[in-house]
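Presented below are the structures under discussion, each in the form of C-alpha cells.
Same chain, two partners: chain A is paired with chain B first, then with chain C.
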Partner chain A sequence: MIEFANQTEDSVVEARKARVLKMAKGPSQNRAAWFPLAVLAILLVFPALQFVGNFNYFIHLLLFAASYVAMASGWNILGGFTGYISLGHNVFFAVGGYFAGMIFARYGISTIILAPVAGLIAAILGFALGWITLRVRGPSFIISSLALVMIARILFDNWEFVGGAAGLALPANSLPVEWSKLPYYYAFIAMAAFAVWASYRIKHSKFGLGLRAISKDEIKAESAGIDTRLYKIGAFAVSAFFVGMAGAVWGEYLTYIRPNIFLIILVSVNMVLICLLGGKGTVAGPVLGALLIVAFNEIFVATLGASEINILATGLIMALTLLFFPLGIVGTLAKAGKLPRILNWD
Partner chain B sequence: MTDILQVLILGIALGGVYALMGSGLSLVFGVMRIVNLAHPILIIGGAYVAYWAFRLWGADPLATLPLAALILSATGILLYKLVFEKDAKSAKYSEMTVLLTFSVAMIAEGALGSAFTNTQRVTSPDYATDAIFIGDLFIPTGQVYAGAVSLAIIAALALFLKFSRFGYAIRATTQNREAAELMGVNVNFVGVVSFAIGVGLAGAAGSLISFVFSFFPGKHWEWIAVLMSLVVLGGMGSVLGTVVAAFALSVIAAFVGAWIGSTWSTMTFFLALFVILLVRPQGLFGERPELA
Partner chain C sequence: MLEVEQLCKNFGGIRAVENCSFNVERGTITALIGPNGAGKTTVFNCVSRTMAPTSGEIRLEGERIDRLRPHQITRKGLSRTFQISRNLADMTVLENVICQSSIKGWRDLFNPAMSDEEIEKAVGILEFLNISHIAYEDGSNLSYGQKKLMDLAALLMSDPKIILLDEPAGGVNPSLLEEIVERIRTLNARGLTVLIVEHNMELIMRLSHRVIVMAQGRVIAEGSPADVQADQAVLDAYLGGGEDG
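And now, the complex of A and B:
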C-alpha cells in the first residue's frame, strides 16, 4: 500500500496505458504481412490483362468482391469486434448511394471523389441511429435493425425527390468499353484495402480492445471503466462509414440508384454471412468470406439461374455455418491451431 | 362519424387475424426463448396449403384449416429437431437463434419461391368478397370470419394454457425454466410441443390470411416486422399482450391508412416496433426485460 501511495498519479496512468497497449497490440507472431500486400499488388496490375483480351467479367467479379470486402470489414467492426449483429446495414449502403448519386446526377461530381463524404454522412447517421438503438442488445438489437430497413424502404420508395420506387438513372462514363470499369475497380480495391487496414488498426488499438471486451461481457467491460455506450456508438459510426462509402460508388457503377438495389435484405444478409463464414472478429475473415460468397453467388446464378435458388442457397450456407462452424473458417482454423500463415492477418 | 366507425370496424376485423399470426410467435418465444423470424414464412406456407386445397379440390380454406395446422406442426417438429435442439444450452442461445431462424426463413422463402413462383396468390371462397351492410357501414364478411375464427382459436389456446395440466407445464416453463425442471416438468418435451403448437398456429393463420390478403413468398419480410411489432408491444412471451397489441396497432394502422395514405399504414407497425424496443423493451405485459 505504502509503495503504491508513493507513486505519483501520473506514473500509474503511464503504467496502465502501457499495459493496455500491450494487451491491444501484440500482433500474432505467425502472421505473414507480405501476403495481403502481395494480393493487393496483383490486384492493382490485374487490369493490364485488358491489353491482351477482354477480362471485363473478371474485373466485374473482383470489383464486386472488393465492394463486399469493404462493406463486410466495416460491418465486422460492429458485428464481429463488438458483437452487435445488425441486419440493417444496407440502410447506410442506401444513404451513401443516394447522397453521392444525387450530387453526381445534379452537378456531375464523380462519386469516387464524393465517396469519403458519403461515408461521413453515413457515419453521422450511424452515430445518431446508434445513439438510439444501442440501448438494447441481443435479439432486440437485431430486430430493431430489421425494422430500420423496413422504415428506410418505405421512406425511399415514397420520396419523390430521389425518384421514389422507380429510382433515378445516372449517366454512364464515356470511356471505351474495355476501360470503363477501371475507375470503379480501383476505387473499390482502394476502399477494400483501406477497410482491411483500418480494421487491423482498430483491432489492435485501445478502442478495439474495448470493443472486444464489450463483446465478451458488457457489464464487466463497463465496470472495468470502459465507456461502453460511447465505444459502441463509435463502432456503429465507423462501420457505417465503410458501408456508406461503398454505396456511393456502387450507384454510379450500376448507373442507377433505386430502392430495390440498395434496400433489399439480401445485401445486408450478405454482409452478415460473409463475416460469419469467413470468421467474425478476424481481419482476414471478411476478405475470405467475400471471395467465397461472390463465387457461390456466381455459381448459383450461372448454373441454377433463378434468384429464389440464390436465396435458398444463401440461407442454407448461413444455417450450416451457424450450426457447425459458428466461429467461421478463420476462427475455426485458428482455434484448432491449423490456420495457415498466409491467412493470419491479425 | 360513420367514417370513423367504418375505419374502426375494418381495423378490428383485421386485428383478430394479426392476433392469431402473432400469438404463435409469442408462445414460442415465451417457452423456448426463440425469436422465430421464420414464423411469417411458415404462415405463408400455411396459406399455400389452403391455396392448393382450394385450387385443386375447391376446398373451403376454413375447412382445410386443421390440415394446414397439422402439416405445419409436423414441419415445426422437424425444424426443431434439425436446427434448434443442438444449441439450447449455449449462452448466446437466443441471439444465435435469431440468425438461425433468419436463415431458415430464407431457405423456406427460396424453396416456396422456386416451387410456387413469386406470383401474388389469393384464395377466393364466396364469402371473401362479400360484405354485410348495416346502414352506411359495410363489414367485409371474409375478414369477419377470419377474425372470429382467429379469436376462437386464441380462446381455445388460452383455455388450454390455463386449465390443462400440460398448459400448466408450459406456463411454468415460460416463467422459470430451471424451477419448472426441478418440479419434474420435462422441459425439453414441453419445448418441442409448444414449438409445434406455435408453428401449427402459423399454419392456421396461414389458411385465414389466404383469403384476407394476397400473398407470395417474398412478402414475409414485411410481415416479420409487422408481427414482431405486435409481439414486442405486447411483451415478448405474453399471448394476451400480443392479442391486445394486435387490436391496438391494427386499429391505429387502419386510421393511418384512411387519413394519411395506405402506403403509410404498414409504417405504423415498423415505427411502433422501433420506438417500443427503445422506449419500453419489455412491452405492455412483459415483466422481464431479459430480451433487452
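And now, the complex of A and C:
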C-alpha cells in the first residue's frame, strides 16, 4: 500500500482533515429524526378516535396512503437510487397478493402474518427477472418492464387455479365494523415505516453508494470496482420485496383478489408518479408524494365527482408541480438548499 | 507485470487493434503513444475490459485477466481513468473517491457508505493531490483539471498495483499539468506501476522510462524515449510517410 504523507506542514494538514471530517458528519446534524417518529406516533394512536366518532373514512385514506408509501419507497430503491425506471412493479404487487391470498383462502392463515413471506417470494422473482431484464437500461428496460405486466396479466387471467379473470373472493374478518380496518391499518403503517427505514439505511450504506454510482454512470461504477450486475439485481429484489409485501395484505383488505385490481398499469404508474412528485432518490419523497397523490385524488373526487374530470385535475396538478419542482418537491428543495428540516430524512 | 499478447479488437470490419503485444515492467512509467486512431484507447479498454477483446491474452502478474469483468480487474489491482473524465454527478468529490474503495465481503455492503477510516484515507489522498478544499463540491462542478485529479484520487482509493491513465494532460492548464506530473512521479517512486496514454510528447519524453509506439493497431517501436525518438518507423508514422513512403 502506498502512503500519502504530504510535504505540507502537519498542523495545516491536520486542520484541513478535521474540517472535512467535521463536514462529513455535518448533514446528519441537520436532520430532524424526531419528525418522522412523531408522525408515526400520531398515526399509531389515531384509531383511538374511533371511540368518539366514526373515522373509518380517514382510516381508509391513511391506510391507502401508507400502502403507497411502502410500495413507492420500494420502487424508489430501484427507480430512484439505481436509476432503472420500472413500470412493471405491479407484477410483484400481484404475486404478493395472490400468494398470500391463496394461502389465506385455503388455510385461513392471515395475510398479515404471510406478508413477509409473500415479500420474499416477490424478491426471489425480482431477482430472477432482474437477472434477465437488467441487461438493458433506459427505454429498453422500461419497455421490458411493461412487457412483464402484459405477460403476467395474460397468465393470471387464464390461470383457473387462482380464479382466472374473475378472481377469488376472500373471507372478511369478523370484527365489528369500527375496528375491522384496524389490523390492516397497522399492518400498512408498519410496512410503510419499515420501507422508509430500510430506504434510509440502504441510502447510507455502501450498497446505496454503489447504487447511486450506477445511476450516474454505470461504466464508471463498474470500473470503480463495483459489481454493477449484482448491485442492480439486488436493488430489484429489495424493491420487489416491499411491493410484494404490500400486495399480500391488500388482497385481504379488499376481500378479493382479481387480475384487474393488481395488474392494471395504474398501480405501477402511481408508484412512479408518487416518486416523481415527492422526489425520486430521496427518502422523504415517496412519503410526501403518496400523501399528496392520495389527497389530490380524494379532493377532486369529492369536489368534481367520480368522472374523468377528477383524473384531469389530478394530472394538471401533477404537471404544474413538476414544472416548478422538476426533481420532485423534496429533491428540488434540497438542491436549492431550501428543504425544511422536518423533511430532511436523507 | 502487465503482459499483453497478440491482442486483437475488431469493430465490424475495422481492425482497431491487430496482434498487439507488449509488456509493462513493474515499477516503471510506460507510455503508449501513437497518432490518432492508432488504437491506444482501444488497448486500454480491452485491458480494463471496458470492451471485450476479439482475441489475445492479457495477464496481470502472470494471471489471465481477459475473461474477468471490469470490477474484478479493478479488485486485482489494475485501475484506469477515462480519456473524457467520467465522474458521478450529484455526488461530492469525497463520495466519488470513496466509491472506489473496495468492499470486503457482502456484509460490508450494509455498513455506512463512508467509514471514518475511509474518509480519513480519502482526505489523505485529496491532500496529496492538493484538492482537499473541494472535497464537498459536486463532482460535476469541477474544472477539467480538477476532474482529472479527482479521477486520479478515486483510482488511488482502490490501492492499485498498476494504474492506466488515459490522457491525464488533455485539457489541463500548464501549471496544473506540472502538478499532475509531479504527483505521478511521486507515486511511481513509491512503487506504483503506471501505463499512460498521452499526446503531449514533451511530457511523455520527460516522464516515462519506456515508450511503446502504436500505429494502425500495431506496435511499431518500443524502447527508451531517446531510442523511440530516433526510430525511423516512428517518424514515418507521425509524419504520415510509412509504407507508401
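Operating definition for what follows: the second predicted complex is superposed on the first by the 298 of 346 C-alpha atoms of A that agree within 3 Å, B and C clash if a C-alpha of one lies under 4 Å from a C-alpha of the other, contacts with A are read in each partner's own complex, and residues count from 1 in each chain.
Methods note: a residue touches a chain if its C-beta (ideal position, glycine included) is under 8 Å from a C-beta of that chain, and two chains touch if they have at least 3 such contacts.
Predicted, not measured: the structure shown is a model, and the values here were computed from it.
Participant: By the touch definition at the top of the document, which applies to A:K220: first (chain B), second (chain C), both, or neither?
Facilitator: Only chain C is touched by A:K220; chain B is not.
Participant: Is A:I113 touching anything from chain B or chain C once the two structures are fitted on A? First, second, both or neither.
Facilitator: The answer is neither, since A:I113 touches no partner chain.
Participant: Where does A:L37 make contact in the superposed view: on chain B (first), on chain C (second), on both, or on neither?
Facilitator: Once the two structures are laid over each other on A, A:L37 reaches no partner at all.
Participant: Per the contact definition in the header, classify A:L21: touching chain B only (first), chain C only (second), both, or neither.
Facilitator: second
Participant: Give one of first, second, both or neither to describe whether A:M318 is in contact with chain B, with chain C, with both, or with none.
Facilitator: Once the two structures are laid over each other on A, A:M318 reaches chain B alone.
Participant: So which bits of chain A does chain B touch that chain C touches too?
Facilitator: The overlap between the chain B and chain C interfaces on chain A is empty, containing no residue.
Participant: Under the stated contact criterion, what part of chain A meets chain C in this complex?
Facilitator: Residues of chain A touching chain C: 1-6, 8, 13, 16-17, 20-21, 23-24, 201, 204-210, 212-213, 216-217, 219-229.
Participant: Within the complex, which stretch of chain A touches chain B?
Facilitator: 85, 87, 132-133, 135-140, 142-144, 146-148, 150-151, 154, 157-158, 265, 269, 272, 276, 306, 308-316, 318-319, 322-323, 326
Participant: Give every residue of chain B touching chain A within the complex, in rising order.
Facilitator: Residue positions touching the partner: 35, 83, 86-87, 92, 94-96, 98-100, 102-111, 113-114, 118, 217, 221-222, 224-225, 228-229, 232, 263-264, 266-267, 270-271, 273-274, 277-278, 281, 291-292.
Participant: Which residues of chain C touch chain A in their complex?
Facilitator: Interface residues on the chain C side: 48, 50, 69-71, 74-75, 79-80, 82, 86-91, 94-95, 98-100, 102-103, 108-114, 116, 119-121, 123-128, 132-133, 135-136, 154, 156, 158-159, 187, 190-192.
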